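Alright, structures below, take your time with them.
Okay, so subunit A shows up in both of these, paired with subunit B first and subunit C after.
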Partner chain A sequence: MLRSTKSGRAALQALVLWGGVAVIIVIGLLVIFVPVGCLIGVSLTSLRGFSSNYSYLGLWNYVEAFRQPEFWRGARNTITYAIGSCIGQTVLGTVMALVLGGWQARTRRAIAIVFFVPYLVVPAVIAVQLWRFLIDPRVGAITLAIHRVTGHETYFMSEGLVMISLIGISTWMFAPFVMLVVSRSIEEIPSRRFEVIALDGGRSADTFRHVVFPAIGPAILGVALLRLVLMATKFDVPYLFLGSGPLSSKFGPTTVLIYELAYERLRYGEASAVGVMMLLTLFLVIWSVVLWQAVRGGT
Partner chain B sequence: MERRALAGRARWNVKLVRDFVTASLVVFSIAPIGWLAVSSLRPVSSIASAPASVFRDPWTLNNYRHLLLDTEFVSGMKNSLIVALSVGVLAPTLALVGTFMGRRLSSKMRFASAVFWLSAYAVPAVVVVLPLFMAIHFMGSFNELFILVLGHLCLSFPLAYVVLSTRAITSIEDGLEEVLILDGADNLTVLRHAWIPSLGPTLGGLAMIAFTISMNDFVMARFLLSGRSATLPLVLQGLFDLSYKDWGLICAGGTLGIVAVTVPLLVVSSAWMRRESGGMRG
Partner chain C sequence: MKSQSVWLTHQDHRRPQVSRLPGAGVLLVLILAILGCAKQPSNLVLKVWTTESDPATLKVMEEIGDELVQSEPEIDEVEVVAVPWSDLSVKLQQGFQTGSLPGVTHLEPFFTKAFVDRDLLIPLDSLVQELGPQDIQEAVRDVAKFDGHYWGIPQHFGVSFMAYREDLLARMGVRVPGTWAEFRDASSKLGSGGLPTPVYFPGGDRFFIDAIFFEALASNGGHAYINGLPNFDSPEAVETLAYLKNLVATAPTETWPSATYVEGFPRMVRGEVGFNLFVGGRATKSFAEQWTDQEMAADRIFLPFEPPVGPHGSQGYSSVDCEPFVVINQAKNSGSSAEEGPALENASLAYLRLLYRKDNYLRLMKSVPIQLIPIFKSMAAQYSQTPFVQRWKPWYDQAISMVEARRVNPYFTTSSEDLEIPYLFDLYGSRVITNMVASVMAGDRSAKEAAKIAQRKALAIAEEY
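Then we have the complex of A and B:
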């Protein structure tokens, strides 16, 4: 009786643990193998919509994508958006972290929570609507304030300002992420280093130059790279901010182009080809940096 | 004496700059949200008439009433909570099981699996969702929250797995697992008595991150859902996409949407912080 209870328990355990592993393998398949495999497979076909009538095209979709000006426009917009918002987030996040470092622990915690609000509790949809509300030409508080001060109408959704506005919103949303990483590395600086420089009569600028900056430099570099990759693959913020229309086709990054090709024009083959190229570029960038770091560090 | 006075003044100046920059950043971080909340309490006519004075017109809850009674907000919220709570529980649990079983692999296999999941984290959501969308269409089971839970697990699980597998090495008390195994403890006992107590704070943090990622997600929901199963972000975007923009409604929706993410986070994090001191933070 006891033995059968024990073997039943062991079977249940095996079921729970290996069942969990099976689910993980399914997720693994869903996350990487199926999407990437499907993407590559579909990119070699003429699939449009859900028609079963499609043919093998080889690399034609890739060639066709390279010929399209919208592909290059998307790539250019991706680079502008990713680099612009990465710089904005890194600078603002670092300033936030440095400012936090100057406060006592309890105050620092409270301020950090406030700084973290846009990143943690404001979904992309609300963040974009919130800023579209603030910069609306008719009712926007920012537009009205600028009008009151300068006497000029400012159209943040005009062609000259739309990319800057998009970068600004992304900076507001994601700078706290950088702050978190950088402030963590500031906290890890041994306090005796600050004491030594204070005993030597060093000023705040000296402390920053000789103690803080060398300690946070690698963290800034790492988090900036991560933000660059994440912003290059961002879809929701640009899509929601630009809407579907002329602004989107002119200023949308590659992710928005993939969406338009797949879901609006139902050209799955071409959309997949652009997706594959984006993925390859991304992995190339990530692994180049990883290898560069490994070679530089001698590991 | 004079040098000391100068040093004191310099310190005072540094403090002044610090206070000013902090105040500016605090305003920059939360003033937009405050303005959204205040605008949600103003009549639509007051919002649309520029320049509007916040305190001139009486405040009203009409926008909220309209939002809760005349739109899909409540069902969107319900769907979002179902999906986010499922993902919040499943992502850390599966990551725990995966890491636990992964520890039984050789070091080379462990490294390979870490690289695999790190690579998975770098695959953009828009790329994952395209084949998922096609596969679901061909399978015929469309418009299901279950599919969205799977989609969100694709977003949260790689992060949870990578974090847990690195934390497991440092967090589990030295030798505890080995002692339990030598005592003849089975896998579930080791998991319950060595792993879960040591990784508790990390698991709590990961549950909160997974919950937030799921509540905030627009991309997966946009592609995988429609109609009755719409989640909160889709419902809110629907309000914004109307040809006539009812800013009162949009502000009320935005404010309640932020509250919907904040309240569960506060409840879980305060309970968690009472139970555990220290640990990982989002």
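Then we have the complex of A and C:
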């Protein structure tokens, strides 16, 4: 009797477990694969805005995208923007975390919150507006300060500087995220390790090289990969910063191109094809890093 | 075992009171919410989308809506929504996808044909006949007339201006230019006189880049389209590109791609700008509000001038702002039911009838004088007596003279007949024209090369239609 109750309970537990897994898979299918499937489906058609009529085009939208210089320009801008801002955020965020690491725990957390809260609560539209104002060639505080020091006018929105400005703003906006992640991994280093290296007469550089860096390395790599993907798919900051003029056409990343194709030209099929290619590229990048890590025996 | 039993008894005793009741409550709320969602609203809500963002204009439109609600019991509410014109196509598209299209909306004239072709509008012939087509300014009357039907009625007309600082020009001994050559000279003179931006080109928004190009092309005797096909590599077009490049080269070109339209007003007020290539009538309101010098009246300082004429042209052309109100075909709106659709269309027509009633209409036009000018000739005399219009009379007079002389073209065209072209919407969205102008201005391409590329791309788009 007791055995049958136990086996019944085990069966129930298994049912609950596998039922839960099944529910997660179904939700996953609905939330991820169905929309992606629809995107791929639309990318194979001539679907346009304000119309339900369309025809099957096969891979024509993909071929057409490859033939357009705008596609390649968008891809180049995406790579520049994503890698540039990812490096900026990772370096700045890590430096911030290391500086914070020297403080007492309570102070460190308080400062971390001060840095992190703006990341959470300042919407892109306000941040971009703020920076556009600060770098205004006539009345911006930054340009006026540079003018006072160097005697030269600086045009941050000029073609030579606009991408650097965009990367700079994105670095400013998202570095606190990196700081939080790296800071957390520093906190997790056992204090014993610091004590050991101190007893051995190690200097700060040795502490960093032998204790801190090995501990935070995986966190930096992980957060850098995450930021790279997030920046490659970023739309709001470049769109708001570049405006709808020529700067957007010349320096806009692929997300801006997708927006233009879908919402300004109503070409859903072509926009979806570019979207699918972007999705596949990011998927490949992520899996390459994951595989590389696995081969190296990392996590 | 005993303790477990006690624990269970204890819990069983309490659970129905503390856990099930809130659960039942949540379930009841959910059922009621579902029933509430399923219940069809008994009255109509008419949505009116307007590209006018001025609070004074919106207030008048809301008051007209209130009047409609009071006179038509079946209309529950008129909701007036300001949609920036740059977002209009996006919002309409989203409305089409989600079944939440408005009843009445503004459209850009060069969008309208695409909407007609997609059967998204209902004709407004009877309404136009009631208003009297012979009383409507000819330059704007037919901007939404296709296949013999009126699909929209312009809310107003407004003319684009080129503006200058009278005091700055006088101080530097510069005359108001009448030709491109004179304009270049005037600009150079202002630049060499130390003015930071002799000519302000609002290049931060592609709409203005396109508008300035089309105006200049028309003023150089050029045609953007011939027999419905693009004509962007004509000698007139190449000349126009070179002219714009040379004109703006007198100022630091680093700033023009990010220079916004609205930024041009305070910069003129601060005395940094001599000429502004593109301002709407609304600028007068901005100048009046921002100008603080008591000794010199704003309306004597900020003056309009007619677009200078190019070497191949005979007269200058401006753009005409005349967004028509259209009524959405509710059969295409998945959000409105078979019964609701015709009722919404009737409500939309009733709203427009009220809006174009003389008293309401004049009130609407006076909410932003000079920017909003009545399309009805019979109202011109009364409107022109408005104190603000009297104060800024040179602007009003120029608008009237340009419209009456038919020296105005709808945006993105060099002739009102161009509005029949079905691919204008797509061409605008493709940024072919913007990129052509920008690449010349930035020095990336010669005028001839840029025009050739634009022509090839525009032809490819045209061939799809």
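Simple rule for what comes next: the second predicted complex is superposed on the first by the 261 of 299 C-alpha atoms of A that agree within 3 Å, B and C clash if a C-alpha of one lies under 4 Å from a C-alpha of the other, contacts with A are read in each partner's own complex, and residues count from 1 in each chain.
In this section, a contact is a pair of C-beta atoms (placed from the backbone, for glycine too) under 8 Å apart; a residue touches a chain by one contact, two chains touch by 3 or more.
This structure is a prediction, so every number in the text was calculated from the model and none was measured.
Contacts of A:260 after superposition: subunit C is touched, whereas subunit B is not reached.
For subunit A, the partner that touches more of its residues is B, with subunit B and subunit C as the two candidates. Once chain A of one complex is fitted onto chain A of the other, the partner contacts of A:249 are limited to subunit C, with no touch recorded for subunit B. When both complexes are overlaid on chain A, the residue A:192 reaches neither subunit B nor subunit C. Look at A:152: by the touch rule set out above, it reaches neither subunit B nor subunit C. In the superposition on chain A, contact is made by A:141 with subunit B only, not with subunit C. Annotation: subunit A residues 50, 138, 263 touch subunit B in one complex and subunit C in the other. If you check the complex, the residues on subunit A that touch subunit B are 9-10, 13, 16-18, 20-21, 23-24, 27-28, 30-32, 34-39, 42, 50, 95-96, 99, 102-103, 111, 114-115, 117-118, 120-126, 129-134, 136, 138-139, 141, 144, 148, 172, 176, 180, 203-204, 229, 233, 235-236, 240, 255, 258-259, 262-263, 268, 271-272, 275, 278-279, 282-283, 286. Across the interface of their complex, subunit A is touched by residues 10, 14, 18, 21-22, 25-26, 28-30, 32-33, 35-36, 39, 47-48, 50-52, 93-94, 97-98, 100-101, 116-117, 119-120, 122-128, 130-132, 134-135, 137-138, 150, 153-154, 157-158, 161, 186-188, 212, 215-219, 223, 232-233, 236-237, 240, 247, 250-251, 253-254, 257-258, 261-262, 265, 281-282 of subunit B. Residues of subunit A touching subunit C in their complex: 49-51, 137-138, 153, 155, 157-159, 162, 243-250, 260, 263-266.
Chain contact summary for the complex, subunit C toward subunit A: residues 86, 89-90, 92-93, 96, 114-115, 118, 120, 196, 203-207, 209, 252, 254-255, 257-258, 260, 267, 272, 425-426, 428-431, 434-435, 437-438, 441-442.
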